[in-house]
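The two complexes that follow have chain A in common; it is paired with chain B in the first and with chain C in the second.
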Partner chain A sequence: MDDKKENRTVIEAEVPMGTVHPGALEPYRLRLFVEDEIVRDAEMTVGVNHRGVERIMEGLPVEKANSLTEKICGICSNIHIWNSCRVGEIALGIEVPERAVYIRVIMGELERLHSHILYLAHGCEVLGHETFSMRLFYIRETVMELLRMIGGNRVQYGSAVLGGVRPRCELDEMRIQKLTEGMNLLEEGLNDFANRFVSDPMVMSRITGVGVTSPEDALRLACSGPTLRATGVELDLRTEMFEYDPFEYDVITEDDGDVKSQLLTRVFENFESIKIIRQAIRNLPDGPITNRSWEMQDTPITKSYIEAPRGTLYHSYALEDGRVRNCVIRTPSMANIGAMQYSAIGHHITDAQLCIVQCDPCFTCTDRAIQIIKR
Partner chain B sequence: MELTYSLIGVIGTLAVSFIVSLLLPGIERKFIHARIQQRVGPPITSPGVMAPIKFFFKQTIDPVSPMPRLYNALPLISLIIIIILLLLLIPQMYFLGALASIIAIIGLLKVEEIMYMFMGSLSKSVLSVRMPFPDRAKGAAHPDTPRTFFEELSSLRAFRLIAFGSFPIYIALFVAVAMTGSLYLSDIIAYQQTNGPILFTLAGALGAIVFFIGYMILLNEYPFSILKGKPDVVEGPYLEYAAKYRAYVYITRGFLMFTLATLFATLFLGIAPNILNPSFIVTLIVALLFPMIMAVMSAFSPIFTYKQFYPTVAGVSIIGVVAIVAALL
Partner chain C sequence: MSLKSYSRGRAIHVMLVYTGGCNGCDIEIVNCILSPKFDAEQYKVFLTWNPREADVLVVTGPVTKHNEQPLREIYKAIPEPKAVVAAGACALMGGVYKNCYGDIPSEEIAGPVDQIIPVDAKVPGCAVRPQDIVAGLVSALPLLLNAD
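Right, the complex of A and B next:
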């Protein structure tokens, strides 16, 4: 930590980037304080894309509010609606049918796959390796088509509803067959990519030892998800979620906490997701996919935490006359911003954007309402 | 009559070179980048021909620059410098004596490099400091720090390229000089017509490798594109060029690709660009091969930072010095 302490006395220049920058792809302002192109301190500002989803949700019928949460993020849309439904189900004591839970897990893991592959492709693009980036997008296409097959869309699937999943998302024999074939294709493509990626000396030279975050600092900065696990901390919320109890998988960790570890964590997590999906389609239970036998009632504020592709996602709201009250959403990128700023310190400006990207940021869904507490 | 032939030679060579140079970016992107990345790619004429034509008919912007006219004129000046460079390589121009020598070529290439410094220092785009964003709000870190534009950063990098990055190409030029014992292009070509191409000697082969790396650095191509890297300085010195000025930038780049390949053919194969000589086809082949090999290399490389750039340049420069020593021996 000492070697990364910000230098407040001798700062040569500030290089502001964004809120529009082609290397970033998302709207955020980054101020890099540099000496001879080496970053001595960094400040990141978000909030330019605030849409006030929580405010819009206030007073909406819970079903409508749930479907609105899907619009928070274009990458992890499914996990938002899943978690929002989860809040309602916990609050109202709705028992979700086992088959629906399995389909939710399949959707969740497919989304994790597409999010992680997108992250890897973006990482390669920031590295300047367009060929790797393009090939990853080809690999990702399989996942996108599987998501479209189940949910009907490539971005907004709307699979989860209160009490289960939409009838559209039922998995028949043909879909199960396509999922099996898709997983085989994906595994092959990812294996091929992983082998090429780790054996490329120039790529390794760009990412090894860059943007290091120690496990202590990652915990202090409240990082979550793969960003935390890449520093060696074995913490995955899926191990605490009842939905994942029937499945066997490994929690992937890497030791170094640098860009290489961050990228490899996602690569290996992809294989675990494939493993989970294979188990889910092999053991998919029979039965209904929606439980309609529940009654609406007023509930206090109920919380739900879920392991999104980027880390811990938090949703909470209360119900009053079937309508949502006091909704709060916190996305994983909000927790990971500290690590992004911190890991860029001590590195070259070109690596700074890589240090930001290594935490898999999604700033449009991070731009949530904040409460300013006056003391 | 002889004067007419000379004029036809010079004008014809320039015209063919210009046409081929317009197609080079398209060939590079369509047949190499796109094939490697398993996509269709743009039409061959799109990057080099259609894009500049389109830009010529677009409305331009006023750059935020202390000298906007000079800033806008720089791509055209660059193009003129490269045209002069190619002219000096054409055998009909060797009567100019010292101007048709390695020293003049190095001088022109240096001027071309200095253009990037001027471009960078004269531009202040909206993508960084000028972005209307309340950075100095209450609680902001280091509020009184001097602020730098991306282009200023790329201007500094251009200076480093002049000071260090362009070593390989200049060392490679002197391999031919060391081998032939003359600075004059006419002597270098005459030597190779008698003794065979320098390329097929140990010193020449090493020099060719060094020249090629220098070619990539001078063209700011991946992985050496520190002047205009997408993750930090975006387009660098070119950030505020729009409409016809951006068209000049595109044309200049294509022409530089062709001229450097022609320089290689002259120095390492002993074939000067002359449309009246059938060996001109070799120059065209070299001009096609260079961007293709460059595209393969850039497709499989990430952008270098100084950490990778300096050792690479140092290593290649050492190979260049070894080539010169081998040529002298």
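Right, the complex of A and C next:
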């Protein structure tokens, strides 16, 4: 036994995944460079989903272009049309009625709820805990029904128009009643889930200390949204948006930056969203929901930043004869790709998929033509 | 009912391919199979991501240029008998992405799904409703069960 030499050969290999792979739900290409099952480097490539929505938007009338932005992403569709309308409203100086702002906030928060619950369900599925995943899909169905009730469709609601919201999305007493009941149901279900989730030792041991991103690295990689907040940086664009001024809520942060903090940030943000929706229902002001007294004019390029469920969303365009020019869209998952690559490094290859999923990827909206300017 | 179709009918595996849609249809399909509300698993329909295990291929999205070749290869990898369900407005006719500005075809899109692989059932909607998906899957099942 003594003369047997220890085998110290380190096997270096490249593990390619994608673009369609049984382990990944969405099409993207991932290359993992491993040394003895430990990931040393990761490279993620997007681009297979590029459809060029900006190109299609170029030259369309602004109302049409707004409704087209909704088709960028099927998860956060409302936030895209809201932000696109916001660009037009800032450019043309349209004053949005207060009731319309409240309804937009309600839709935005409902969407944040369904996006975060979907994220948690996806995370639990990747963890291999299908019971939690099904449970969360069941909870999510409440939100989807509420969205269908207000917007008329389960995925693309098209609630915002230039100067307000669509008449279809008016909240009458029956709808407010159903919203209140839905929020109670949701809070109960999420509380139940959160208690079971944190008291499950198997799940906790699987996610604690995996995929750690430090706050300095998260800022260096220009992450945004809950991915950044889970590392301990208190940065939420909602605090700077005038739409959210009347509401009281906390900005959720977690300390560790691992998968556990990422999941728990989303769980606690759900409760904040429920809080905001309850305040909005209680203080819903009366009045019109659409302001139609505005005139079209040519405007220079106008920007708008908004807090989407995944992070900071940017839209900008100029108007020329009522038509959209020089449209640029930057989606939050684009910023979080750096964190996805970075957090997988140094961990076991079986955790690589979990490290990517913890950053809430949405590769369909990520495929934009962008130019990275290094300073 | 023969033994083959009896056993096939109790393990229908659905493979879902995203070919560049907006994710809305995809999540509704996952929702319709996994969520306890629609729960296609009670009809012995399961979700898989492995083409060699699959019986039914559900395609969403307008099939971007980069996704055309993978889609053909996935279709080849599925063992016979197989059925293809195209779900969503994009998969049926290219949706909003097919043409940019009028009828000028967009260079990014390789075309609706039926120009690339044969389609057996079509499910319309933007985004598709889970009830329609279950109906579309059920309408494609005779192809599998009646095959030798």
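In this section, the second predicted complex is superposed on the first by the 358 of 375 C-alpha atoms of A that agree within 3 Å, B and C clash if a C-alpha of one lies under 4 Å from a C-alpha of the other, contacts with A are read in each partner's own complex, and residues count from 1 in each chain.
To be clear about the criterion, a contact is a pair of C-beta atoms (placed from the backbone, for glycine too) under 8 Å apart; a residue touches a chain by one contact, two chains touch by 3 or more.
Predicted model only: the values in this text are computed from it and were never measured.
Q: After the match on chain A, would you call chain B and chain C a fit or a clash?
A: After superposition on chain A, which the two structures share, chain B runs into chain C.
Q: Quick check on the superposed pair: does A:128 touch chain B, chain C, both, or neither? Answer first, second, both or neither.
A: Touch status of A:128: first partner only.
Q: Classify the contacts of A:154 with the two partner chains as first (chain B alone), second (chain C alone), both, or neither.
A: second
Q: Touching A:138, do we find chain B (first), chain C (second), both, or neither?
A: After superposition on chain A, A:138 lies in contact with both partners, chain B and chain C.
Q: For A:19, decide between first (touching chain B), second (touching chain C), both and neither.
A: both
Q: Classify the contacts of A:353 with the two partner chains as first (chain B alone), second (chain C alone), both, or neither.
A: A:353: touches chain B, not chain C.
Q: After lining up the shared chain so the two structures overlap, which partner does A:41 touch, if you call chain B first and chain C second: first, second, both or neither?
A: The first partner, chain B, only.
Q: Which partner does A:214 reach: the first (chain B), the second (chain C), both, or neither?
A: neither
Q: Could you tell me which of 39-47, 219-227 or 309-317 in chain B overlaps chain C after superposing the two complexes on chain A?
A: With the two structures superposed, the offending stretch of chain B is 39-47.
Q: List the residues of chain A that touch chain B in one complex and chain C in the other.
A: Touching chain B in the first complex and chain C in the second, residues 19-23, 48, 125, 130, 134-135, 138 of chain A appear in both lists.
Q: In the complex of these two chains, what residues of chain B are touching chain A?
A: 33, 36-39, 127-129, 131, 133, 135, 140-142, 145-148, 150, 153, 156, 222-223, 225-226, 229-232, 234, 299-308
Q: For chain C, which residues are in contact with chain A within the complex?
A: It is residues 17-28, 30-31, 34-37, 48-50, 62, 64, 66-67, 70, 74, 95-97, 100-101, 106-109, 126-127, 129 of chain C that touch chain A.
Q: Considering only the defined contacts, which chain A positions touch chain B in the complex?
A: Within the complex, chain A touches chain B at residues 8, 11-23, 29, 31, 33-34, 37, 41, 43, 45, 48, 124-131, 134-135, 138, 200, 202-203, 205-206, 348-354.
Q: In the complex of these two chains, what residues of chain A are touching chain C?
A: Touching chain C from chain A are residues 19-23, 25-27, 47-53, 55-56, 58-60, 68, 71-75, 77, 118, 121, 125, 130, 133-135, 137-138, 140-141, 144, 153-156, 362, 364-365.
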